[in-house]
Amino acid sequence: MATTPLTTVPQATRPARTKRRSGRGQLGTAMLFLAPALLGFLVFFAWPAVRGLYLSFTDYNLLSEPTWVGLENYAAIVDDPVFWNSMGVTLQYVLINIVIQTLVALLLAVLLHRFTRSMLIRGVVMLPYLIANVVVALVWYWLADYNLGLINSGLDAIGLDRVGFFGDEQYAMTTIALVNVWRHLGYTTLLIFAGLQSIPQDVYEAAAVDGAGEWRVFRSITLPLLRPVLAFVLVVTVVGSFQIFDTIAVTTQGGPVDSTNAITYYIYDRAFTRFDFGYASALSVILMFILAVIALVQMRAFRAGQSDLER
Amino acid sequence: MATSTLPSTVQSSRERRRRFVTRPLGWVTIGFVIFATLFPFYWMLRTALSNNRAMFSEPLSLLPVEPTLGPFQRVLGLQSTADALAEGGSVGAINFTQYLVNSVIVCTIITVAQVMLSAMAAYAFALLEWRGRDVVFGIFLVALLVPGMFTLLPNFLLVRELGLLNTYLGIALPSMFFSPFVVFFLRQFFLGVNRSFIEAATIDGAGQWRIFSRIVLPIVMPQIITIGILQFIFYWNDYLWPLLVGQTEESTLLTVGLGVFRSQTPQGSPDWAGLMAGSLVAAVPIFILVLVFGRRIVGSIQSSGVK
Amino acid sequence: MKKSIITPALIALVAGSLAACSSDADETPAPGGDGASDGDAATISYGLWDSNQLPAYEQCAADFAEANPGYQVDIEQIGWDDYWTKVTTGFVSGENYDVFTSHVAYYPEFQKNGQVLPLDGYIEADGLDLSIYQEGLVELWQDPEGIQYGLPKDFDTIALFYNAQAVEAAGLTAEDMSSLTWNPDDGGTYEDVIARLTIDTNGVRGDEEGFDPTSVETYGLWMEGAGGADGQTQWSFLTATLGWTQTDEAWGTSYNFDDPAFAETIDWWYSLVDKGYMPTFAAQEGISWADQLIAGKAAMVPNGSWMTGYVFGSESDTFTPAVAATPVGPNGQNASMLNGLADNIAASTDNPDAAWAWVKYLGSAECQNVVGEAGVVFPAIVEATDRAVAAFEGNGVDVTAFTQHVDNGTTVLFPITDFKSDVNAIMGPVMESIMSGSGGTDTLPAANDSVNALFE
């Protein structure tokens, strides 16, 4: 597919640096490339974010004008046990969801890459992502129902105790995490898969010549070369995880006893059900900062800006 | 990577033994994943072919309860109100073909625009040199972190101010210009592009646009298609924003239109059969999309980033 | 890749956007946008959530347009889940339905913020008689100063839905079911019947030797959530017979969750779980109560009249729907919470007069009779209620279990106060904690203090 109309320059005569390396060199061009995205960013992300920041310092119930209250919302948040509970259960969700999802997706992507070229299997793995979040939640809500669900009937048939997947305080959040793993597995797998494909075949061929086994290849070649993509996938899935909402809204609505009252659900509840938009905005600002820190740490740890493949 | 010092015959039989274990294990895993993935779909299909009224008299049955094509007819707007009521289904109106067309148009606009413009931005961040590049990229990334709740209301007000409520453009507008996700994703792959191509092109006097469109993009095309498909699916299933902005028949998207099958009253039940049928039908176009474009991802395996 | 697809893609994009822009140029305006008459009919936009009532209201709209040639009604129906998001966003953006179906749980906040129009002026000018409505409904839609914000349109009460086949198999009759008694000490005949209807996985009934409370096949009574601050379908009909209500008056500023009568009732209710007659909280979360009833997992569930259509429409070989009145309590009567819906006019409307004309019609006998005859809900006008009862009867459903409360005056009003959503947010988890056994009713006084603190 790649047809380059250019000839490769013979090694010996290639000058050391032909790119213009002055600091501001390509600013003009860059701005042209960036212009539309920049416009979108400013209008649809930056402006609402700034406005949201402003609202976090106000008392705003959506139905009349906001009134300035300074840091009152933030102070109230620190004293709010529901907030701390919310952070706790969100972290629980994120950990379970991300760890399982990433590991299984990685495994699956590698398996699909190395074992089979079948488009059908790849298509099948993608299927759950094609169904809307809300419907996925409802289907599992039924399948996991204590009385009328197949899973519990199965457990009963084997002689095990039934489990209140969505109704038991201890299990509800884990169940929600697993439902979301089910839905997003194909998606994450596909992303990692895209990364796997950008690893050139000759590296694998060299490894095969050297007689390296599957696990060795995985550990020493695949993983390191996947690093930038993995970093990206992790940042995006972690950030996405923190924003879990649909599944909770459709199944447990934050219960039982606030055990699934994740932060985004709590924010939405405060904003649209309790008409406390100022407080909800403050919560959102805090969430943003937490996510920023996490993302930054992840990027640094994974050295996501560099690729081992640069040559 | 240290080369083994064992004679090659011993090595390859060890290798064969390893493969004897890993291969079946690999297949078992794939098999299990496929089962776990497909079973809920079977459940959806079974429910979609059941009579909603009789649904819970046999809640655990693996076969459709009182099999009927009614739910699918309901989804496609072909069932009469009387029949729908008789089957215990929702009586809301669905203009299926219109909604389908709306969804296809809106999602295509968003995906094509967004991926294109984001690719341009990613190019600027990855392969162009300019001062403050990484700082600006960092700021761009912050857009990833902005909670949906912040943007929902201001965007709604803006779209309304522009008089774009109930139009395709209105629904597409906030997402059309860029997606932080796509920029981030593509930048990672642009970074991995073999610089010698670009250097060669620069020597030949090619302008940035040419380099971008003729050289870099083709190399990264599999990833672009991948992200394009994923984004298309995301917007296909998006619910809240299109619900708010697209209220008329001409602007209602498919997933919003299928909301008639969800619970209509407090503490009520959804029209399970209709909802399942609707979801399956709504998934068909994107499934086709995945199959069609999926080939391009596969076909490009050999040649990505190569010799 | 021989040819670059970039340029064609960009062109397609721009063309597509332009097309998208122009193709919808002559759109019908968004709801509420253009109430002023442009030559012919002024359009009034109306929102409601229940699709089962849609046909009846469309009939009303058609009749209204015929009687008022200058007006036309555009009805939009969105399911409950999304309805309020739509309405709230509409308020924020300043563009909402002209008239919308409202609910006492939400309307106080709208009214406090001036988002809905008061109707007193209109009512007086048109000389409307508010006594045609069932008692108590008009008061539900007044603010603390007594200004009217809505005309009652329908009401609902609570009764006990049960499976007639299960009752028969237990050796009970419909008469037994309609004359239940209850008290917080031993549960009266209500608990006896619940025990009798409970069957464990070995076929042993709840009131027989060898009953295994840990392995139940059919529960005599289903727990449908913990009730939160209202307990509309869960326990309000029991506490009312002890003379207890959440607040002492409409728009009260303090709640009574610390009252021993309330704790007694909840303790009794929770005891059913230990005895095995009612599912644990963990076990009831999931598929809704009506489907559990239909599937035979529950024999009896108290719930609201708005579910009558669904329950009675799901008859099967194993399920024969029936309904009985709530049990008679220590005060010698039975009780039910009464809730009434009304239509509000959004303050953002461009044409309040047109909106009022429609609201007036909705509150009139002409429209409510049509709604009554559809046999889906009970309209607020007494005469129309009778028609609804007849319509239900025509479908083979005897609804006296629901209507007797308005006839006998044994209703308690759905509680209305300020900060309702905050009260719910406090009481919800507390009640769930109690009903899942992790907390006790001794946590109620502290919760009540938190609730009352909202009003300070």
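We call the chains A, B and C, going by the order they appear; numbering starts again at 1 in every chain.
The working rule: a residue touches a chain if its C-beta (ideal position, glycine included) is under 8 Å from a C-beta of that chain, and two chains touch if they have at least 3 such contacts.
On a predicted model such as this, the values are computed, not experimentally measured, just so you know.
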{"item": "Chain-level touch network, classified as line, ring, star, complete or other", "value": "complete"}
{"item": "Most remote chain, CA-based centroid, reference being subunit B", "value": "C"}
{"item": "Chain pair with more C-beta contacts, B-C versus A-B", "value": "A-B"}
{"item": "Whole-Å separation of chain centres (CA-atom averages), subunit B against subunit C", "value": "37"}
{"item": "Intercentroid distance (Cα basis), subunit B paired with subunit A, Å", "value": "14"}
{"item": "Multi-partner residues of subunit A (each touching 2 or more other chains)", "value": "1-2, 142, 148"}
{"item": "Residues within subunit B bordering two or more other chains", "value": "56, 59, 153, 176, 212, 214, 218, 221, 262"}
{"item": "Per-residue multi-chain contacts in subunit C, two or more chains", "value": "1, 85, 92, 287, 291-292, 295"}
{"item": "Residue numbers on subunit A that touch subunit C, as the complex places them", "value": "1-3, 61-64, 82, 141-142, 144-149, 162, 164, 166-169, 172, 252, 255-258, 269, 272-275"}
{"item": "Parts of subunit A lying in touch with subunit B, wherever the complex brings them together", "value": "1-2, 4-9, 14, 18-21, 23-27, 29-31, 33-34, 36-41, 43-49, 51-52, 104, 107-108, 111-112, 114-117, 119, 121-136, 138-140, 142-143, 148, 150, 153, 182, 185-187, 190-191, 193-195, 197-202, 207, 210-215, 220, 228-229, 231-232, 235-236, 239, 243, 264, 267-268, 271, 280-281, 284, 287-288, 291-292, 295, 304-307, 309-311"}
{"item": "Touching residues on subunit C, where the partner in the complex is subunit B", "value": "1, 4, 6-7, 9-10, 12-13, 16-17, 20-21, 23-24, 27-28, 30-31, 49-52, 54-55, 76-82, 85-86, 89, 92-93, 95, 224, 233, 287-292, 294-295, 303-304, 306-307, 310, 313-314, 316-319"}
{"item": "Residues on subunit C engaged by subunit A in the complex (per definition of touch)", "value": "1-2, 84-85, 88, 91-92, 109-110, 113-115, 279-287, 291-292, 295, 297, 421-422, 425, 428-429, 432-433, 436, 438"}
{"item": "Subunit C contact footprint on subunit B (complex, rising order)", "value": "53-57, 59, 81, 85, 88, 90-92, 105, 108-109, 112-113, 116, 152-153, 156-157, 160, 164-169, 172, 176, 212-214, 217-218, 221, 240, 243-244, 247-248, 250-251, 259-260, 262-269"}
